[in-house]
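Chains: A, B and C, in written order; residue numbering restarts at 1 for each.
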Amino acid sequence: MLDELPPFDHVDAASLAEAMAALAAHGPRAQVLAGGTDLLGLMKDRIGGRGMPVPEVLVNVKRIPELHGIAGTADGGLRIGAAVTLADLERHADVTARFPALAQAAAAVATTQIRAMGTVGGNLCQRPWCWYFRHPQFPCLKRGGTQCFALPGSNRTYFGVLGLGVCVMSHPSDLAPALVALDARVVIAGASGPRTVPIEQFFRGPRSRTETVLEPGEILVAVEVPAPAPGARSLFLKHRVRGTWDFALSEVAVSATPRSAAGGNGADRWHDVRVALGGVAPFPYRAVAAETVLDGHAPSEPLLREAAEAAVGRARPLPQNGYKIDLTRALVARALTALAADLR
Amino acid sequence: MTPPVGPPPKGRLLVHGEVPPPLGRELAVIGRSLDRRDALEKVTGAAIYSSDMTRPGMLHAKILRSPHPHARIRRMDTSRAAALPGVHAVLSCENTEGWHTYWYMIAQPGFPRDIAYSGQEVAVVAAETIDIATQALGLIEVEYDVLPAALTPREAMKPDAPRVPVLDVERPREGNVQQPVYVRQRGDVDRGLAEADLVSESHFSLPTQYHVDIQTRCCIAEWDGQRLTVHEASQGVWNVKRELAKSLGLQEDQVRVVVQSMGGGFGSKAGAQRVVHYAARLAMMRAGRPVRLELTRPEEFMSHPRRYAGEVTMRLGAKRDGTLTALDAEIVLDIGSGSLYAGRYTMTLHQISELYRCANVRVRIVAVYTNTGPTGPQRGVLDPIATFSTEAAIDDLAARLGMDPLALRLKNYAPDFQGLDDTTPPLPYTSKHLDVCLATVAEEIGWESRDRKRTASKGPVRRGVGMAAYCIERGGYAPFSAKADVVAQPDGTMEVQAGVVEIGAGQITVLPMIAAEELGLPAERINIRHGDTDGTHYAPSSHASRITSEVGPAVLQAAAQVRQRLCELVAERMEVSPHDLVAQGGRIHVRGAAERGMTFEAACALMPGPEIRATGSRAPNPDDVIFRLFGAHGVEVEVDTETGEVRVLRIVCSHDIGRPINPKLVESQQHGGAVMGLGYGLYEEAEMDRKSGVLLTPDVHQYRVPTSLETPLIEARNVEREDAFYPYSAKPVGEAPLVGVMPAVRNAIMHALGVGIDALPITPARILEALAAQRAAARTAVAKPGGARPAAEQ
Amino acid sequence: MTTAVSTRPVSLIVNGQPRRVEVAPRRTLAELLREDLGLTGTKIGCNRAECGSCTVVLDGRAVFACSVLAVETAGRVVETVEGLAGPEGLHPLQSAFIEHDAVQCGACIPGILMSLKALLDDRLGAGGDVGGDVDERDIREAVGGNLCRCGTYPNTVKATLAAARALRAGRGARP
């Protein structure tokens, strides 16, 4: 198993400007290299196609200062550099304390070794784990081909039940649903200057050949998470076959802010409820219907169950993955129940 | 526990020729948990595997593979590849007509024009670098006539099914069904079913399994014009030597095969690999340029033999009180594009027809070729299929009878061998203590309280306890020509010389222990020359749990003969009778008078010649006893009924192992079998695309091998008793610990949920589907006895 | 199509020794160790960051060497299985692995040992002098990314607990 990587040129970018210049100069032949845990594997298998060339130039962004560090922002939130490793994210005291869903999500990614190398940006930008996409013999839609092989085909594991379109994969990022639940924004560096995009708008739908709105030559610089409201808590739950390595069969991130009922009597009501699902849609799925059930109400057990039911209300299973509906419903109920316990 | 005394009684040690006299003293080495001989080099990174080796002038080989599952090569042109600068040799159907490779001495065409599976080799190139070899593959022109493929036994058995080309040189077949259909019966199954008060039918879907050796195949072959030397990752050296010699038209002594450390086999590397033949033949085209051929991980998945998949229908007939009246097993086996081990279907027989007392038994196996890649032995071979099917069916029967599954097993316990069929006479087992194993497991797992545990579990998480028993045949196989030498030098240097390969089970630790015991020396005083056909006799490949039981007696005999010779020399010097002497504690001395004797070294110095060498030789198993292994597993699980997660809380095993030569090595085999069994039962699921016949999971991420997080501590309380037919009563242990795990897990899940899941692996998806079906069935108030089947899958 | 890409020099510390190699960008750290430095203790079982047999310790963290580019290791500190034993003898992990039979075919072992080295260094300190400890769960998590097909996991847990005890007792490395 030697020399499986194709030959390529490696460019160390010391600054964003350098990185973007290199990307611009080489065009589609170049790709951003962060942790490499996803990209290098794709290159070893020569996963490419029309419009998705196997890169010949890798631009290393790990030395760019703006992509590093976890720092407080003026509004009391956090700015997390895109090159921060998942291991550093999971251990960070402030993340663990104030943004538990994010720390839990980071800790749930793959294995210890991958978290030591994998980055926040890489996790958000990773390509699908549909087994057709990942196999050199199936030039699917996302590789510039003309069909999706999973439907009809094999669609048992890393495939969605919500928000499906012409592509039926489920997005593998664990961080994504947690960041959706935390109302995060991503900071992108582009030729026409930096821009900030709400996390939900960072991901594209199933019609798109790419999964994010990053244009060629753009670089994900940082993720910003706003300060949680006083008393707000968040939580993340992941379900997979093995206790490590695997992507989610289904995962849930929830957050809510409790506020006392008017007049101070009765249970706290939940506000700003966010319920985000991962592993069940081609993008991190915001279960708005579940949020609507809960918003402004006290979280009783029947209400939590109703919200869980609403979360999968629009689920349409593929021939082989209907189990994900029962699973997701159960996970949402559990996450909400745990959040309720946490908020008491 | 008092150590047993001496080797088996005279006439029981299975060797040719002279049986050495008993030791006449307590055992000093056997039964001790000595450190593995090669552990130090493995924990320091000093152990050299074939993929770690470089040779001067080494060429690199890469294989071109068919993308189609069924095709015929219409045109092949390798000329542009051969002309590429840096390419040294190319093999394909163009230049290998009539050439065969061998696996278990079964011939296969080297590069057939008929393609039987996606991933099949169509050409191989040797070049200066891997890049050039890969580039050369891109220059090979292949035109295929693509043909329809039969990807499942069901498809392959249709009257208009395409004919699957088979890698094995033609075996009798009718369409895609191997002939003859295998049928064995005892008594009259139809009458037995008619006599039953209840007929319980169960149907099981058992998938393939991939070995996933951590080290992929890697071979370095060198030809110097006279001799071929091969380093590779194989489970045997002598079989490979013979297979290569035959394939390449060489004299056997022109071939040397060396395997010092290898990274896992589990049956996949037990015979000479096709890739070894390719590398060897390429090397012979370029004398002086070693050829290295290593498979990538995806290639491993695509092209090497894997476990047979099977659809099994079991029908058990029983009286109300649980007495079995009939056992009927119908197995449709998917043997892919070549089983490479056909004819061992008797392996299923032992479990099904012997484990329980039943006068009427029938086993029928329809083996079907499909366009899905070769199959072959994997740890347990066919025993896991048989064991799962029987033991799950027994629990289904128990549920339908309203009877405790352990009570049902004990009710039908067979203390004696019943004969496999109507032609085999009842004969005694060498030993059988399964009843003790069952009792031990029941006690350890808390069988009495299992129902209380289940009802005590509240909420969505349910507890369950299940068990399974097994009966398999291991204990040595034809041709029983294993030989081993023990050599003493005048300076006291001792060496065992055995053509065995250390595959990780401890072969090279156990054999010197046997010699050390016979010679009264500490084990570390005995060297072992191993893993090299030069300087050793034929020994079988390390598979089928056979090395201790086949090579052990040979080593024992040889060591005892060396001891005898040394005693004769010492007796002559001391003017006593050799029978008065004992080899003990590093000395040879008069029995009962340790001071009257000499050190072992001094004894060796007496030898007249340059060495004392004895050859031990294994004799065939006698045909008036039955060699079987027995044991039981108990498993406690927690099942989350909302997420489908299964947590294995405890695995308890009790194996009837005879006596352990090295207890911690035995324990490690029990761990390994359990973990691989858990993988097969709960996690490992290969996916093949039904349209293209392409394996979608040729990787170790989506093919889920258990990790440390899936593995509980495994508690072994083995049953240790004498068995005279094994050296020091050491019964085989490499595979048996796997076969009972999956049915015990499945039965535990059934206990927890009230529904039996009959397709493996029992993933969260299958659990959730089964529970959904259970709820649907309850809603429509159609109660099926024993529980509903899971929802059908496409 | 091939891009003519030249090699470049990389200086790094391997097992306490400064090493300098010339590598192409496509070379992985696993290949650098095995091919350029002859340190074949680190194995390549899948080359896809999916099996863990190539685990080494890089700047104190366990990583998959097959997925680290050699050119990105400049100035960094790499520890491999060959560097575990010291002048006083074997690392307690190595002794414990031998004693508790946590080794079978051995192909996964270098990777497992390095995952555990990183764990124990982090929790206990290299000489057992930082006050922490490890439990069964920690050990399983640490080697969760190391596949073993021979099934050594139960003995891995026992051996590592023993090694941790030895480290805390200040026995350090011993023959």
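Methods note: a residue touches a chain if its C-beta (ideal position, glycine included) is under 8 Å from a C-beta of that chain, and two chains touch if they have at least 3 such contacts.
It should be emphasised that the depicted structure is a prediction, and the values quoted were computed from it without experimental measurement.
Seen from the C-alpha centroid of chain B, the farthest chain centroid is that of A. Across A-C and B-C, it is B-C that has more C-beta pairs touching. Inter-chain centre distance (chain A to chain B, centres taken as mean C-alpha positions): 43 Å. Chain centres here are Cα means. That of chain A falls 30 Å from that of chain C. Separating the centre of chain B from that of chain C, both taken as means of CA atoms, is a distance of 30 Å. Multi-chain contact residues of chain A, defined as those touching 2 or more other chains: 1-4, 7, 45, 243-245. For chain C, residues touching at least two other chains, in rising order: 2, 44, 46-48, 50, 141, 144-145. Those residues of chain B in touch with two or more other chains are numbered 51, 131, 216, 296-297, 699, 701, 707, 709. Looking at the complex, you find that chain B touches chain A at residues 51, 60, 67, 129-131, 216, 294, 296-298, 460, 642-645, 683, 685, 687-692, 694, 696-699, 701-702, 704, 706-707, 709-710, 763-765, 768-769, 771-772, 793-794. Chain A makes touch with chain B in their complex at residues 1-4, 7, 45, 129, 131-132, 134-135, 137-138, 149, 153-154, 156-157, 239, 241-246, 249, 319-323, 326-327, 330-331, 333-334.
Across the complex, chain C meets chain A through its residues 2-3, 5, 24-28, 31, 35, 44, 46-50, 52, 55, 58, 61-64, 67-69, 71-72, 115, 118, 141-142, 144-145.
The residues of chain A lying in touch with chain C in their complex are 1-10, 33, 36-37, 40-41, 44-45, 56, 58, 60, 62, 87, 110-114, 116-117, 243-245. Those residues of chain B that touch chain C in the shared complex are 33, 35-36, 38-40, 42-49, 51-52, 131, 135, 211-216, 261-266, 296-297, 503-506, 664-665, 667-668, 671-676, 699-701, 705, 707-709, 711-714.
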